[in-house]
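Two complexes are shown next, each including chain A; its partner changes from chain B in the first to chain C in the second.
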Partner chain A sequence: MNEITNKMRKIAGEILQKGEASVVIGWEKGTFWYLSPPAFIDKVEDVDRLVWDDFCHNNLSKYLVDFKYKEEKVAIFVKGCDSRAFNRLLQDKQIEREKVILIGIPCPGLKDQDQAKTLGKEGDIPKAEKCLECKYPNPLVYDYYLGEKEELDEVAATKEAPNYSDVEAIEAMSPDERYEFWTKQYDRCIRCYACRNVCPACNCRECVFDQTCVGWIGKANNSSENQFFALTRAMHVAGRCIECGECERACPMDIPIMLLNKKIIKDINELFGEYDAGIDVDSKLPLGHFDKSDPEEFM
Partner chain B sequence: MKRVGVFICHCGTNIAQAVDCEKVAQNAQAFPGVAFSTDYKYMCAEPGQDLIKKAISEHRLDRVVVASCSPRMHEPTFRKCLERAGLNPYLLEMANIREHCAWVHPDDKERATLKATELVRMAVAKVIQNEPLDRSTIPITKRALVIGGGIAGIQAALDIANAGHLVDIVEKEPSIGGRMAQIDKTFPTLDCSACILTPKMVEVANHPNVRLITYSEVEKVEGYVGNFEVTIRQKARSVDLSACTGCGLCTEKCPTKVPSEFEMEMMNRKAIYTPFPQAIPNKPVIDRENCRYFKTGKCGVCQKLCPAQAVDFTQEDQLVTERYGAIVVATGFDLFDDSVYGEYGYGRYKDVITGLHFERLVNASGPTMGKIKRPSDGQEPKNVVFIKCVGSRDEAKGKAYCSKTCCMYTAKHATLVREKIKDSNVYVFYMDVRTPGKGYEEFYTRTTDQYGAKYLRGRVSKIYEKGGKLIVRGEDTLLGRQIEIEADMVVLATAMVAKENAAELAQMIGFSYDQDNFYTEAHPKLAPVETHTAGVFLAGACQGPKDIPDSVAQASAAAVKVCGLLSKERMETEPTISIVNEAICAGCGMCVTVCPYKAIELKFIQERVDGKVINRRVASVNSGLCQGCGACTVACRSAALNLKHFTNEQILAEVDALCL
Partner chain C sequence: MSVKDMQENWEPKILVFACNWCTYAGADLAGLSRLQYPPNIRILRVPCSGRVNPQFVLRAFQRGIDGVLVAGCHPGDCHYVTGNYFTRRRYLLMQRLLQYVGIDPERFQARWISGSEGPKFQQVVTEITEEIKAMGPNRKMRDV
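Take a look at the complex of A and B:
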């Protein structure tokens, strides 16, 4: 890891020195040893803040939206999931490819922050759950590349089909059981919107949950409003979720948000054919285009 | 505070028998905003409308809710009523308490009344949010397109052209004429089909307002009523129509023989050919799939011999784009594939033929010069068996519907056999004889009484060959016994089915079709030639099995609809279309790809951000193309798209009225 950290600092320094980009987005060490939050480096002397370790969870592509109207280029480090998010943002026309310098980092899978907190620095910290099922550990799009990617490709190739056993368990429940399950989960929601704020698919100029005048959703924190929020958020990222799992990681109330996302991904795969978001920039969104052969069962 | 008037309609007893209308009117009085509420027997009738107008002025109403039937029929009626009373027509809301309530809950008056009350409550909540909307007008392209040059297409084009409008006919085949050109005689008068069709073909071809675009197909249809943009593929004819004199030398000398489609493959044509002697344009076309020159690169006899040097092997398909104000679809029908009935041996026995084969056999310009000879050995058949409903009225193997024309054309065929072969026997197996049409029953009676055709009620179970004869085994259900007939020829009254690519064309233009791929009219009784897509009309058998008189009548009806449209300089457009809130729009373009009408595109607007001027991408709705379907409003996550008259706020008000 140290080797990659050194390379990161070197390349970031070069990019800033030459003025190729006005800012480099990476990760730095946070308040605790198991946190590596995003870092926005715009001075050469700050490049040593950059790190690459087991906790660089944040999907950095999300922050490109903030630089949408800047004239200068932005450089950004991308793992596999960050690169999928980048492709998604391109598809959503939120960024322009030529305005971003992508520096790819092959990702062997990151470690679980919560476990790290309990087990301590010396403990045998397991991988984060979202990384266990990752099909794309290598960046799919990049201008520069740090590290070896071949090895990881082999690892990814041996991965089994996506594991939907958790979704299937929910599907097996009776509607009443299911309702009870989700009510219990979302009754905890404090509507901090961290899941939305961290999500690269959430790139609206004005989120519907902030449009208080229209009356989509009330401000009250109760089951009804929380569930409306949960379902609406899930449907708004449907077909565009790249499974980086950031929503669930950011949730302070431990709500299994990815379970909802995965259910929708599974449904889309079954109804419209296998589709992985953020792989092919030219792909048509399964829920985002009109097709003459669309079934018209209701007509 | 808005002042809403609520008008509950009994629809005679349609609603009143299941819903306590008086009670609903009473309940509505308590809803917020309601200033007046009443019920009446027929709200759509003149006294009903007068009641609304009077109430608007007496109670100073500024919003109206009519609880009655589906808005599909009477929304325009009540909108006009509001207009006459001085209100904007879009300040009307309808609650459908007939289809959505009375008709689906006929047995529980108490709860049906409750549901009707709730439906009215929602409508009141919505109408308070309604905003006055103004219709705009757009110019109309004064030219019509007729797709299909059969009798229906020809008639529609002639009627439109005679009314003084320009019209183009696009015909897939090298000649206009369609199925009617293949038919020998027409029931019930036994006029020669060609004798009544060809004058019309000539008339339409020579009409100054008509342009024939033969050997061409519609490839793409964009735009909307008044302004369709149609791309037409003109297939390479390989013959220069302007140079060709139609002398026929090329056809005569062409060495390649191909079974003629027009003659139902009972005769050969050449690779360079005119489909039939009376074809229009009466100029040949090269069938490139079979032409020796195109297959081997050698030959070219036609080109060498052509005195006008009209043969051009280098011609290519051409795509032309034209604008039209209205479209008449008259693409006709195909025949059911009889080989599905293995027991009849169609395709296996040469002398088991379809009705259309028979038409050619009996036609003076057909393969047998009008002498009825059976295909296998050219002998004159003495015993001819007709089997009706082959493919029709058979849910198991064929189509559920009745093909409508077969009873009559079989009677015609029976008559013709008896007329031409004096010592012949004619047997007709039938399920029912259906002859609803002027002079039809009389014709049928003549067939049995004067011409002596023997009608046997029952189905044929098997046809097999024995000693050069076809043994037709069936049941006579009236006598309750098995019968076997030694037939020389069997004619199947084959079902009419939709064209093979019927669904494709409907999808291209954007209107609906039924489970059998026949095109769906807007209303089976009151809008039989309209489609649900404005400006697109139907004529002939593409809408369902039809005989010639019905096709012609429908074609003229469609023509009148087209003329009504083209007689205006401009037309009004519905204001119920999508609008973009540019402040919120993130420019992601999801609305662009979900729009079925290609009505949305992305544009750039200039804006100041952090003291700098930037170009920001936002969605933009073409008000002419938008049909108000609302797909974009659903796709837009941040609700930047909103459908006027069905705005997010209005729908939320309805939901809140029901749920809170």
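Take a look at the complex of A and C:
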């Protein structure tokens, strides 16, 4: 039992006892030892379900959208990426800061679930790919803080410039090779929308892919419609993606969704200046404002 | 008509999203001035180039369009003051994303064409049609 788990249970118990929030959102142990799905705790006696381990991948900020129209206050645990998602949701005016109690947890990087499954409990499980490049392991916004954050700040500070080598590898291909690559990836898509459901950037009240209006979106599961889905979703999360990599983890078909999102992040940085989503609540959104000096390619 | 004839007589289908205030007027001027341009284009009038949802472009490719042109007022001239600045940001990204998934850059283009630029409209449309004719029909993203 690690120290942070104990602290989590204690603080969650206190919050529920005092009635500061009616529900605490954290992680609990799932069906397997390498799964830690979200837990919604609303009774003091349930706080012992909460855990913090190497597999607490879910971005909990996403679930705040479910409480948007409720009066009650919610307490959630946030890692670095969760806190970025929280900031981004604030910017989208999806939630109110006053209605949420944030309990920050410094995150040393989580472990890969798929590898854990094959290597077993005793194996040396590598870090999840999304965590290798993490620039913000510490929560950026919080009301309470569990654990020590200094050492992680140092780790983050020594990180090099973002690595886009995987995106560049695809850019280097010819158009036909690229098309073949993406067709192969998205032909596997079963349109379960797990990527959308788990993504904190996907916070529309009614998603375009749930529309029943004819003409907006084809329901057929074929190559063309799958690519339509992929590109539309990529454009919708453009400027919102906080690189938590949840879409890719949730994808049952192992489609490299982050390759699309990273491409857009790379382009935003190149075209409109350095921008990391969800760092500063007062920052301007890359697709929500413009600059007269933006690159001009359409003359 | 046999399949072979169809292949030989293939003509590209090009969709032009024309903003009501500039490009549509520009196209009108091209017509009034009797400027010849290829009849391969289908003009779709939109209130502003900012109205063009990226989904429209994708849908056009799905349904058999060989090339898409989004055209609007020059930056600074937008009837709605800022619409085309947003278009510019959005389509700078969209253009790169489409190329990233393998759509050839010629197939999706954006241009600023004002109401007085009838000759420019003629020239842009002619250029695009020729480029796409040379490339042949678009098979990517086709919903067939």
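Here, the second predicted complex is superposed on the first by the 287 of 299 C-alpha atoms of A that agree within 3 Å, B and C clash if a C-alpha of one lies under 4 Å from a C-alpha of the other, contacts with A are read in each partner's own complex, and residues count from 1 in each chain.
In this text, a contact is a pair of C-beta atoms (placed from the backbone, for glycine too) under 8 Å apart; a residue touches a chain by one contact, two chains touch by 3 or more.
Just so we're clear, the structure is a prediction, and the values are computed from it rather than from any experiment.
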Problem set entry | Touching partner for A:284 - first (chain B), second (chain C), both, neither | first
Exercise. Just chain B (first), just chain C (second), both, or neither: which does A:260 touch?
Worked result: second
For this session: In the overlay, answer first, second, both or neither for which of chain B and chain C A:132 touches.
Result: neither
Exercise. Between chain B and chain C, which makes contact with more of the residues in chain A?
Worked result: C
Problem set entry | First, second, both or neither for A:182, with chain B first and chain C second | second
For this session: Please work out whether A:204 is in contact with chain B alone, chain C alone, both, or neither, and reply first, second, both or neither.
Result: first
Exercise. Can A:272 be said to touch chain B (first), chain C (second), both, or neither?
Worked result: second
For this session: Return first, second, both or neither, reflecting whether A:227 touches chain B, chain C, both chains, or no partner chain.
Result: second
Exercise. In the superposed arrangement, which partner chain does A:94 touch: chain B (first), chain C (second), both, or neither?
Worked result: first
For this session: Check whether A:69 is in contact with chain B, with chain C, with both or with neither, and answer first, second, both or neither.
Result: first
For this session: Enumerate the residues of chain A that count as touching chain B in its complex and touching chain C in the other.
Result: 208, 216, 287, 290, 292, 299
Exercise. Inside the complex, what are the residues of chain C that reach chain A?
Worked result: 54-55, 58-59, 62, 75-76, 82, 85-86, 88-105, 109-112, 140-144
Exercise. In their complex, what parts of chain B are in touch with chain A?
Worked result: 507-508, 512, 583-590, 593-596, 602, 609-610, 612, 614, 616-617, 631, 635, 637-640, 648-649, 652, 656
Exercise. Mind pulling up the chain A residues that touch chain C in the complex?
Worked result: 170-171, 175-183, 208, 216, 218, 222, 224-225, 227-228, 230-232, 234-235, 238, 260, 263-264, 267-268, 271-272, 286-287, 290-292, 294-299
Problem set entry | In the complex with chain B, residue positions of chain A that touch it | 69, 71, 92-94, 203-208, 211, 214-216, 236, 284-285, 287-290, 292-293, 299
